[in-house]
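One chain, subunit A, links the two complexes that follow: it is found with subunit B in the first and with subunit C in the second.
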Partner chain A sequence: MNWLITSLPLPYPEAVVAVGAAAIGLVAGALGPLAVLRGRSMFGDAMSHGTLPGVVLGFVVAGTKHLPLMLLGAGLTAALAALAVIGLERCAGSRPDVAIGVVLSAAFTTGIVLLTALASSGNAGQSGLADYLFGQPAGMVERDVLLTAVVGACALLAVTACFRVLRTAAFDPGFAAVAGVPRWAVEAASTVLLAVAIVLGVRTVGAVLMVALLVAPAVAARQLTTRLGGLVTLSALVGGTSGAAGAVLAGRAELPAGPVIVLLATSVAVLAVLFAPRRGVLARVRRPVAAAESRSSAPGEAGAPPREASGAR
Partner chain B sequence: MTADDLVIVLTAGLLATACALLGTFLVLRGRALLPDAVSHAVLPGIVGVYLVTGGRNTIAMLLGATLFGVVCVLAFQALRRSGIVASDAAIALVFPALFSLGVLGVSRYTSGVHLDLDSTIYGELTFAPLRTLDLGGTQVPRSLLITGAAAVVVLAVVVLFWRPLVLTSFDPEFAEATGVRVRLVERGLLVLVAAVAVTAFESIGAILVVTFFVVPAATAQLVARRLDSMLGIAVAVGWVSALLGQRAAVRLDSSVAGSIGLAAVGLFALALVFAPRRGLWRRWRGGRRRGTPARRPGPTAGSATRGG
Partner chain C sequence: MSPLERAVPNGAPVPSPGTALTATDVRVGYGGGLVLDGVTLRVPAGRLAAVVGPNGAGKSTLVKAALGLVRSSGRFTLLGDTLRAVRRRVAYVPQRDAVTRDFPITAAQVVEMGRYPRRGWFRRLTEEDDLAVEAALRRTGVVDLADRPLDELSGGQRQRVFLARALAQQADLLVLDEPFAGVDARTEAALLDLLTELCRDEARSVVAVHHDLRTVRERFDHAVLLAGRVLADGPPAEVLRPELLEHAYGLAPLRGAVDEPDGRVGLTVSTASPPETGAADRTAASADGSPDR
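Moving on, here comes the complex of A and B:
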């Protein structure tokens, strides 16, 4: 890790932040398609807001800003939020948008009440917890980068190992079920992987905006390729580049990092939506008939997510 | 309870009334996340109006921000219809970006001058009693007037346009066949949601707007069997959570808006477990008695068709 940081033509603190944010963007970009292609982008929003109470609870338990414990708390509450959304949909028959709205509200109000109650309790150590709302990578040290890299590498390894299963489950849940892949296992695996990506990113991008780092690179990559392998790679690249560039820019301009990173990633996605060679808006306007035909007839494996995934479950 | 506390509870209750009435229709139409989208999207609009006018002129800000919200959601609908980006991905793509733009604007240009990041997260409900307007010689809290007007307007719209609203929520095709202009109703509702979301934004911050819209309506949906009782219960949940939340906030010394939202979530959890027909407790018992696992509910208010 050290050689990478020192080999960059940047001052040491900036290089650390750049490498760390790049790693986070890379992991989020690679795991984002898990949410986007399954029609669960806003599910990621509920999970990212779900990290806030975990961060504060981790702080309360540790008594200081103990990073691993806070991230563990964030991961637990994010997974709990995911579980709650699925539970509301399955057991109470709520529609996805209502379930997401309610769970997002539950998580965020809990977090805000805890945060403000702590802030008024006069505990001096709590200042800076609010940075987890919009992200602040400036305090990142080499150990954090290492932690991000190791956990992120494990998540990427898991995706690579289960690539075929995840691909089948995302595009043809019916076939996956017939082929003997239990649906709950796929659901659980992708939820855990998403939680990992969100927790790694929440410190840099912030709980409120984290979902964009999952969704924007995946949307951009989806415009440019029709193969899932290429999509995941491209998405990871977009995420990593936006992360590094955004963190450095934000540091220089003394702005919160989360919004800058999110705006960079979203700009790439918007450019891709407008100007992508075959699927872009411009390409369609110029030859609407051909585009419509290629859309309806192309059974490319990274096509639109199956209807079922975005409807009621 | 002091007079200031009363003003806060009244403001929150009136706001919750407007939000819950509209939220009920949004929940039934499968548009529960629309207010979330709008409340995030209007932040750059508010910052823009602030930068242009140099102050917090309420009317200008309300109009500018509402316009911004409406334009954004119309653009988002166009993007969705084009079929390039899935609906939920479009929401998740567009609104964090707009919110980011707003956050950058706030932290760059307006920090500390009447508009700061805290107020976009926590809202300014706590300061509601402090900002007053002179109305015929008496000092009336400004936010009370604004939220009161919002509640009255929403109530009037719901009463006046009851039939088209109900028809398009439950059976858009039948509504179309009977001559209701479905798209027009949808657009009108959208504009109203945007205006109320902007009003709510000022009091409770960007992120809790969705809480005020969705949670009371979702709670009512678990309990009610008819639309009119669903609306009534949603409004009641709003008022009860305003009262409970304000008391809790005083006790815990925490954010008022957050505590009110948390109280509403608590009421939702109660309804989820103990609702007469749809509650988990009842289903679990009913399921055991029949010896079959609890079934998903039939076509009740909870499963109106999801509009395209």
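Moving on, here comes the complex of A and C:
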């Protein structure tokens, strides 16, 4: 880790932040498609907001700003938020948007109340906890970067090892279940992996914005790829680059890092949505007729009445 | 003896090796009401079987319950045994809408999924698997589309790909949920030929949720008429009799308004001429069968 940090043409503190934010972006970019493709982006948002109470509780337990404990707390309450959403959906029969809306606001307000109570308690060590709202990479030290890299690498390894299972279950949950992959296992694995990505990023990007770093790179990459493997790789690259560039830019311009990182990733997504060669808005507007023709004359369907093609919007 | 009586024998059917699917007193409830209320049926092995019935009859629910995808009480057997015992010998093609739209995947990758249960989810695929995938794609006529993204294929091409996945599984029982929704007549005929071949020549069994009564009459070996419970279960000519159809479609749905959980457009109406209803429904299915984009 040290050689990577020192080899960058940046002053040491900036280099630490850049590598740390890059690792966070990379992990979030790689794991984001797990949520986005399954239509669970906002589920990630509920978990991300759910980290806030855990951060404060971790601080209270540790007595100081002990990062591993605070992140552990964040992970626990994020998982609790996830369980609450799933519980509301399954047991109470709530629609996902309702369940997420309720849990997200409940978890976040709990976090805010805890933060405020702590701030007014006159505890000297607590200043800076509010950075977990919008993110603050400054003050990141090499040990934090190492922690991020190790935990992130474990998550990426897990995704690589279970890639077939995750892809199959995300694409066709019914088929996967019949083929012997229990739904609860997939749900649990995806939730834990998402929680890891969120918890790693919450300090740098912030509880409020972390979901954007999961979603935006995945959206950008989807526009440019036709296979999941390529999508995950590209999404990780977009996330990592946005993380590094955003953190450095924010530091120099004295802007909050979370919003800058998220703005960069979102810009890439918007550009990809507009200008992607095949799937971009521009490409679609330009050749709707050609697309319909190529579809109806495709092999395997040759000579079939072009009913389907004409049915396309 | 009317088909109605014959269809619901006294006591439980004894599971036997000669059956593709049996259900004994199966009940499934969503929310308040029961979608399936005491379903008992027996589909022999080696047949091309259709599950038919009006919208909300619980056709999809029945096959999902049989495959353990929705909770049910009662008892199912598949291929004469429990689901757990025969999991690898069963292929499932869900309804179009149950598959994630806009997923980055190629046709060949979808078919490759059919090999995972057999090969193991974490093992490297072998040449045997590659050959099986190619053979399946060839057999359903989409081998040229192998590397095309799924979201660029038409409804008919997609269904061919999903059937190819079922073939690649080399399963003894294929369970298909509305395999011809959004498929043009020509593709439907080709796929029906293929399914017939699987049953006649390879002794495989097919259970398909379907609602074009005309093709059921002409092409299927066995039909189950469902409307919350089984109204008839046997050869199509005996099951699709006017009085039974009138009972199923005319008074449907039994037990109050129960929406099909998947919200599919199913049969609405017209007891006077059930075969016509089927045709009309097929047109409706085709109309909403634009490629998923």
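Quick note on the criterion: the second predicted complex is superposed on the first by the 288 of 313 C-alpha atoms of A that agree within 3 Å, B and C clash if a C-alpha of one lies under 4 Å from a C-alpha of the other, contacts with A are read in each partner's own complex, and residues count from 1 in each chain.
Everything that follows uses one rule, which is that a residue touches a chain if its C-beta (ideal position, glycine included) is under 8 Å from a C-beta of that chain, and two chains touch if they have at least 3 such contacts.
Quick caveat: nothing in here was measured; it's all calculated off a predicted structure.
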item	value
Touching partner for A:L231 - first (subunit B), second (subunit C), both, neither	second
First (subunit B), second (subunit C), both or neither touched by A:D45	first
Subunit B versus subunit C as contact partner of A:A185, first or second or both or neither	neither
Touched partner set for A:D172, first subunit B, second subunit C, both or neither	second
First (subunit B), second (subunit C), both or neither touched by A:L282	neither
Touched partner set for A:L157, first subunit B, second subunit C, both or neither	neither
Touched partner set for A:V141, first subunit B, second subunit C, both or neither	neither
Which superposed partner A:L133 touches (first subunit B, second subunit C, both, neither)	first
Subunit A: partner with more touched residues, subunit B or subunit C	B
Partner chain(s) touched by A:A269 [first = subunit B, second = subunit C, both, neither]	first
Footprint overlap on subunit A, where subunit B in one structure and subunit C in the other make contact	39, 93, 295, 304-305, 311-312
Residue numbers on subunit A that touch subunit B, as the complex places them	36, 39-45, 49, 88, 91-95, 97-98, 100-102, 104-106, 108-110, 112-117, 120-121, 130, 133-134, 208-209, 211-212, 214-216, 218-219, 223, 255-256, 258-260, 262-263, 266, 269, 273, 279-281, 284, 295, 304-305, 310-312
Of subunit B, residues touching subunit A in the complex	27, 30-33, 36, 79, 82-89, 91-93, 96-97, 99-101, 103-104, 107-108, 117, 121-122, 207-208, 210-211, 213-215, 218, 221-222, 248-249, 252-255, 257-259, 261-262, 264-265, 268, 272, 278, 280, 294, 296-297, 302-303, 306
Touching residues (chain side subunit C, partner subunit A) in the complex	31, 64, 67-69, 87-88, 90, 92-94, 98-100, 102-106, 109-110, 113, 116-117, 121-122, 141-145, 148-149, 152-157, 160, 165, 175, 182, 184-187, 286-291, 293
Complex contacts: residues of subunit A adjacent to subunit C	37-39, 93, 161-162, 164-165, 167-168, 170-175, 177-181, 222, 225-228, 230-231, 295-296, 298-301, 303-305, 307-309, 311-313
